[in-house]
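Two complexes are shown next, each including chain A; its partner changes from chain B in the first to chain C in the second.
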Partner chain A sequence: MAGSSVKVSVEALQEHQIQEVTLDGQEIYVQQLSMSENLTKLAHKIDFFKDESDGKGKPASEGEKEVAEDKQLAPFMPSLWPWDTVRNHLKCGLTEMSVLLDVLNLVKEKQYLVADPASQDTPDTRPAVQLLAKKKSLVAASSVLLSGAERLKKSHCEASKKTNDFHTELSTLRKIWRLKKVSTNIVGDLSYRSAGSRFWQGGSFEVRKSVEGEQAETEGEGGAARATSLEVTVPSELEGVAYIQVEVKTVPDMMDLTSSALKMPPGLSAVPTNAYWQSKLESAQNVLFCKELFAQLAREAVQVKSATPHMVIGNQIITNVFPGHQLSIVLCHYTGKEKRVPPSNTKLEHNHVLEHSLHQLLHEVHHRNVRIDAPHPVNATYGMTKRRRIAGPAALTRQDMIHMADSESLLSQIIKQTKHAVLRIRCMHVIDQMAVSIQDPQITAHWGCLNSALQSSVRIFITSAGYESLNTLSRTSIVLLIGVDTIRVVMKDGRTCQLSFEDKELQDLLLWQIAQHHTSVVQQIARYQGWQVLTANSSIGSGDAESFATSSAITIASPKGDKVISFRSGPTSGQRLMVKSVHSQADAHPSPAVTDSRWFELGGAFSEINLEKLEGRNLASKIDMLVAHLSNH
Partner chain B sequence: MGVTCVYSYPVPDGKSGQAVVEILQRQIELLGALRSGHFCVDCDTFQSILQTSINVQPKTVYILHNSEQPASCFAITDTSLCLTADTLFDGLMHQLKNYYQQRKNAKMEAKGQRYELGDFILKVGSASLAGSFKGIIVEVEYCPCMVAVDCWGLMKELLQSVVGSVADQPPPILKNRQDELYSPSITVSQYLDIFNNFRKLSATNQIGR
Partner chain C sequence: MEGAGTSYSNAFRFVAPLQEHLLQGSILDAHCEVLLHRLRGLCDNADTTPETFSDYEAVYQLKNNLATPASQYILLRVRQALDHPEAPHHIRYLGQAEVGDKSRHTLVRACFDVACSSNVRDFLNELGFKLDHEYVARGYFFHKGRMKVMVSKIYRMQQPGKTDQNTLEPITQSHMVELSVVAPMGQDSIGEEMKNFAEQLKPLVVLEKFDHKRLP
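Take a look at the complex of A and B:
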């Protein structure tokens, strides 16, 4: 053939695929693939998976391989030869076939396996047994459920109790205390500054995440200390426990300066180092408050001038309230570093009420600092109180304005309260003493339940036993208004008088009132028995002078006029009773000048009656008896 | 605060005002009164400058301050209507420059000693118009009472021991309001009355010359 001399090579067309056309019309071609590269490219296009799923065991023809597939084959490993997966699958198929053959042999030929029928219990058909069985199984099921629920609950509880998470705890801390972040540290503030305090000492504390080892230790110690993942560090000067102790002491005449030693009540101890942060912060805040209170009081004690100077010695302020009574305010700060003073047997007699009111006073100062009235109208001066604002239109005088401006120092306020407390106790003591020691007129005291820190009142009734209901006149009532250092007395008849703080004055007044009470009882009895009151004087000028106050006297005459009783009662001289009986001599010398028979009975001598010998429970019943007896004669 | 009477004390011929004031002060001190600082009452006059017609007289507002009521400012109109206000009212008057203008050289002042004698407050001082002496002012206040008619007898007795027959009758302004509850504006009205009298006197004197 002619064709034998002509070589025909079958080759792909020498056409390059265009990769891109540049803007100037030049074409950039893709490099032609070599033979091996071409083969790899074609092998890429074969979908071996498709072959497995569609036609198992079908030989993959060359033509099918040529089918272009867009899908890229994922697990293509170029290191393995192309028919590897096909071989593997064929191998698998062979294994399965052999297994199938084995199973068929097993079933077909009895020599390999013998199956015996197993005996089975026939279920009980009786309904009772069935019910029982059902019940049993239900109980079992329920117990499983319950135990499961229990476990769930327990785990839930533990999860909620264990707020060991640092951030949850920090957010709790943040709710209660003021915190802020300074670079990498968290710093809190426990001072009262935001509440109006102007104390120089700050109260910043540091919050840190506690170390794991420490945490385990605290947990190991016991359940009392709550495990915490948060640690607070308070400044060293605020560590420990502090309190203000107020004591009112009776001292003979001089101030007692030696008792300023720190006395620690045995029940109070320092805060343990691993305490929960809340209690730690609270006690630190309390220390700060007590320090501020004491500093304020000490400053005032030095500044305020008074007749008897206030003394500030170390941690103690001493002032005189009354002669013989001194007030001592002590700041006790126990950091745990001090030496343990052996607990003394003497009980600490401190005044809780005054301590409380001291705290209250400082809180009030803080409150005043913070709460400033809003200006009204809005362009007015800021910080004016409402009273000051209306002072202009209301034309308040200079005096009123001065009153408005002056504020009392804490120390003088607490001294006033102390004075009142001392005075009140003294009065109580005097009245109780007299009520116990004096039997005849009974003394009862009714203390007003509504009183302020600076004023209280008491009503004293003086009555005679058995004659209380005679008349209100026979009951003496006195009202005492106990103030800061004076007592205002409102007497039975509405007169008022002012007493000083001395016990003796009140005692004298009460004795005087008792003496007068006797006279008024006699007067009432006479009136009820139909006797005539000739004279009655509550303060007579005749007779022996009393060492204090005055004596009172009354003269009464029987209805017939033949008996006259004279009664005299004095606070120190006691009661004296005289009787004069006049025997009528009307028939002896009748005279035309005498118009009435009673004018004959003017003369005669009084004879004293020993009151103690008279029969009767008390003076009122004795007089009652005597008057009744004499009226019958 | 109580009832107050204000009198002007005539200066006898041949005596200087200062000497008479000193005599009065000595008299009050002899009664046992204690000095308690100074007092000052001043009065500014403001006149309206807007006039609707030529025949209408300009309206006048007097602004007074009393040291006894340091936070207050009193404004009294021609019709003797009195407003008691805050001291900020002064500032308000200066804002009203276009309507009311302060009259020049019309500021009257009463200054002097303040005394306390039990429930009474006594004041003796001299009144001056723009710095020149015009007369003597005596004020007596009885603090516990608020109704003039109830305490006039008591005040008269004290006043007569100081100023003699000048105080035979209560001041004219007080006389009309004797049964009312006393208010500080009445005191200020009395001062204004006396100040106006001094002004008239000085005006007639100038005309006489």
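Take a look at the complex of A and C:
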């Protein structure tokens, strides 16, 4: 005991034990046992049959008080407790009794356990049956295993679908892009080097495995972003979206230098940071390509000497194609860091065709860089063209060699294409304008569907309504071959002439042809009506001079010879019609020199007929009517 | 020709200071397919079928007046593409091969190529050159950058001057592999470039610099 000075007396609680609580709250107490009753109660618990040898305490015959006292001291010195063994045995007995009770309960009460008699079949001893049974059970087992495996596979597939494996994705990437391993990093190359580009700027990108957290985030953001376990990092200068914008503008006099501001089409936006790697790399490659293209053009713009200097201002190259027409090539690179320009309502007027051909031109340059004719014989110097190889044996002159080495710059090629495009549109415009404004005769244009970037052709028919099928001669056809800055014209009679890029020249030519067309229609009508063509001249020297070109005239006589019609048509002076009628003078003095009566009727005055007053839809029908009338008269 | 004291090699260098860097090796016919496959992958224009060639080469020699043993003969090689009759004939002079020490990765020799008309062989005969030997080389041509790779099979001609298919007889059961760059003098970085390329063909074919003088 810890403190021997402190006396601890242990005795039973003075409180009465509660036997039961009645419904009205009254407590019924157990009567306190007297000392002797207590002793007997305790003595009842003793197993007197048990051997006392293992009990190390005092003999049982000792005084009652001592026993009671000892018992009450027990919690404090268990090893010395004389009744310890007794208690242990009693406890064991109780446990066994409880178990027995439980077992009895289990057996007796059906609610705890139902024991069915197991009917055991006597196993068939025949080996065939045994094998069959074994097989059956094996099949059952295997089907269980298979279905389990199927389930596992399915769940695995689902899991792998959600998050692509890094390595499978890397192998996909490897199939599309050039990759190599540099120490621990995977570095790719998106430049056009392998395709023949010689641009200084490289296009290496880094491939990393994406972090799990980020991945979850991208998944959460929406279905658009494909979950990827692979991340590519492109150099910052290749980020964003770039494109080359080509504009052909009409400017009154001076070059317009103010439009170099970045204009972003509203449909185009920067690549989101979490975009799928393929789209990210593709846009970076496009940025690189556009940069190379622009760098090349800018270098050429500075180097190439031309009559009108090219200007390179910031991200813009400006050059004059025709007076009043300006070509501007702008490199737009939108990285997402620029201030967003509010989308303007003015639609961007840019030339898709020229943009496309610019891209094509650079691709051709790349192609030429890579595709070099293989040398034959094989030890000949590598890197020459086939023509260059035969230069020595074929004894080409120095001039030829210089000519061979000449390569046209991208800029001059695109300027040529622009010139052609502008010229073609101008021609189209002139022809359309004239077709609308001139009702008689009709002008129709047939544009050739096969044309190159530098040449296209159009055939123009001039016809009079209602008289198209009269004769091919009454239909004037002109072919225009539109080149870079000149137009070659093949006329009706096969003559050719060259026109410059000015609209006025084409307009004048067409007006002149229309004037001549009128004359030729009159001639055809006369022929069909049986009239005689006295004179026909497509370019007469008499009369008032036209402001341009020449006027044409025709004189026709009726079959009888008593009516003569003179028609004159000029591009500016218009059409004039005059009629002379001669009354035959039978009583005139006949002369042996005059063999036919019509020669008597040479004199007389012409009287002009107002063409507008004549009946008819157009000039051809008016003349037709008049001629028919006069021949019947 | 009158032997003015300068060696011809030097004279040619003065005219066109070009040098050929060369590595050579050979591969058995059975494994040639594998090599071609690898070369296709390594070289430029992998998307096109490899260029084939069929060349006839005739080597002409003229006895030199100079008594130095190294340049006892002047050799000129005339080559002609059999499969491209329109291509000009080629005459080629090769200088002394410089094997160099270990630091040099390739064999280097002066090289002079001229395209010429088809009557060049008659011309050489007139000059006093004698036909030394002739052969036909057929094979595949690859290029990577400025490097030329030629995989060729050498055929002996049973009848002199006849290049028909049925008169040709392969000399060995293997293909010759040559890696060559013709470049202006003084570009020693090519050697490194070529060595790296040769490394990539290593288990299949070992490209080395061979000293032709020491060959048996």
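Just so it is clear, the second predicted complex is superposed on the first by the 449 of 633 C-alpha atoms of A that agree within 3 Å, B and C clash if a C-alpha of one lies under 4 Å from a C-alpha of the other, contacts with A are read in each partner's own complex, and residues count from 1 in each chain.
Assume a contact is a pair of C-beta atoms (placed from the backbone, for glycine too) under 8 Å apart; a residue touches a chain by one contact, two chains touch by 3 or more.
This is a predicted model, so every value here is computed, not measured.
Peer 1: In the superposed arrangement, does A:Val144 touch chain B (first), chain C (second), both or neither?
Peer 2: neither
Peer 1: Quick check for you: in the superposed arrangement, does A:Cys92 touch first (chain B), second (chain C), both or neither?
Peer 2: Neither partner.
Peer 1: Which of the two partners, first being chain B and second being chain C, lies in contact with A:Leu534: first, second, both, or neither?
Peer 2: neither
Peer 1: Where does A:Arg371 make contact in the superposed view: on chain B (first), on chain C (second), on both, or on neither?
Peer 2: second
Peer 1: Which holds for A:Gly383: it touches chain B only (first), chain C only (second), both, or neither?
Peer 2: second
Peer 1: Return the chain, chain B or chain C, that is in touch with more residues of chain A.
Peer 2: C
Peer 1: Name the contact category of A:Met401: first (chain B only), second (chain C only), both, or neither.
Peer 2: first
Peer 1: Tell me the contact category for A:Leu152 with respect to chain B and chain C: first, second, both or neither.
Peer 2: neither
Peer 1: Just chain B (first), just chain C (second), both, or neither: which does A:Leu104 touch?
Peer 2: In the superposed model, A:Leu104 contacts neither chain B nor chain C.
Peer 1: Would you tell me the residues on chain A in contact with chain B in one complex that are also in contact with chain C in the other?
Peer 2: The answer is residues 380, 389, 391-394 of chain A.
Peer 1: In their shared complex, at which residues does chain B touch chain A?
Peer 2: Listed in rising order, the residues are 1, 67-74, 84-88, 183-185.
Peer 1: Quick one: in the complex, what on chain A touches chain C?
Peer 2: Its residues touching chain C are 194, 370-372, 374-383, 386, 389-394.
Peer 1: Can you list the chain A residues touching chain B in their complex?
Peer 2: Contact set of chain A toward chain B: 380, 388-389, 391-398, 400-401.
Peer 1: How about chain C: which of its residues touch chain A in the complex?
Peer 2: 44-45, 51, 53, 55, 57, 79-81, 83-84, 86-90, 92, 113-118, 137, 141, 143, 146, 148, 150, 152, 180, 182
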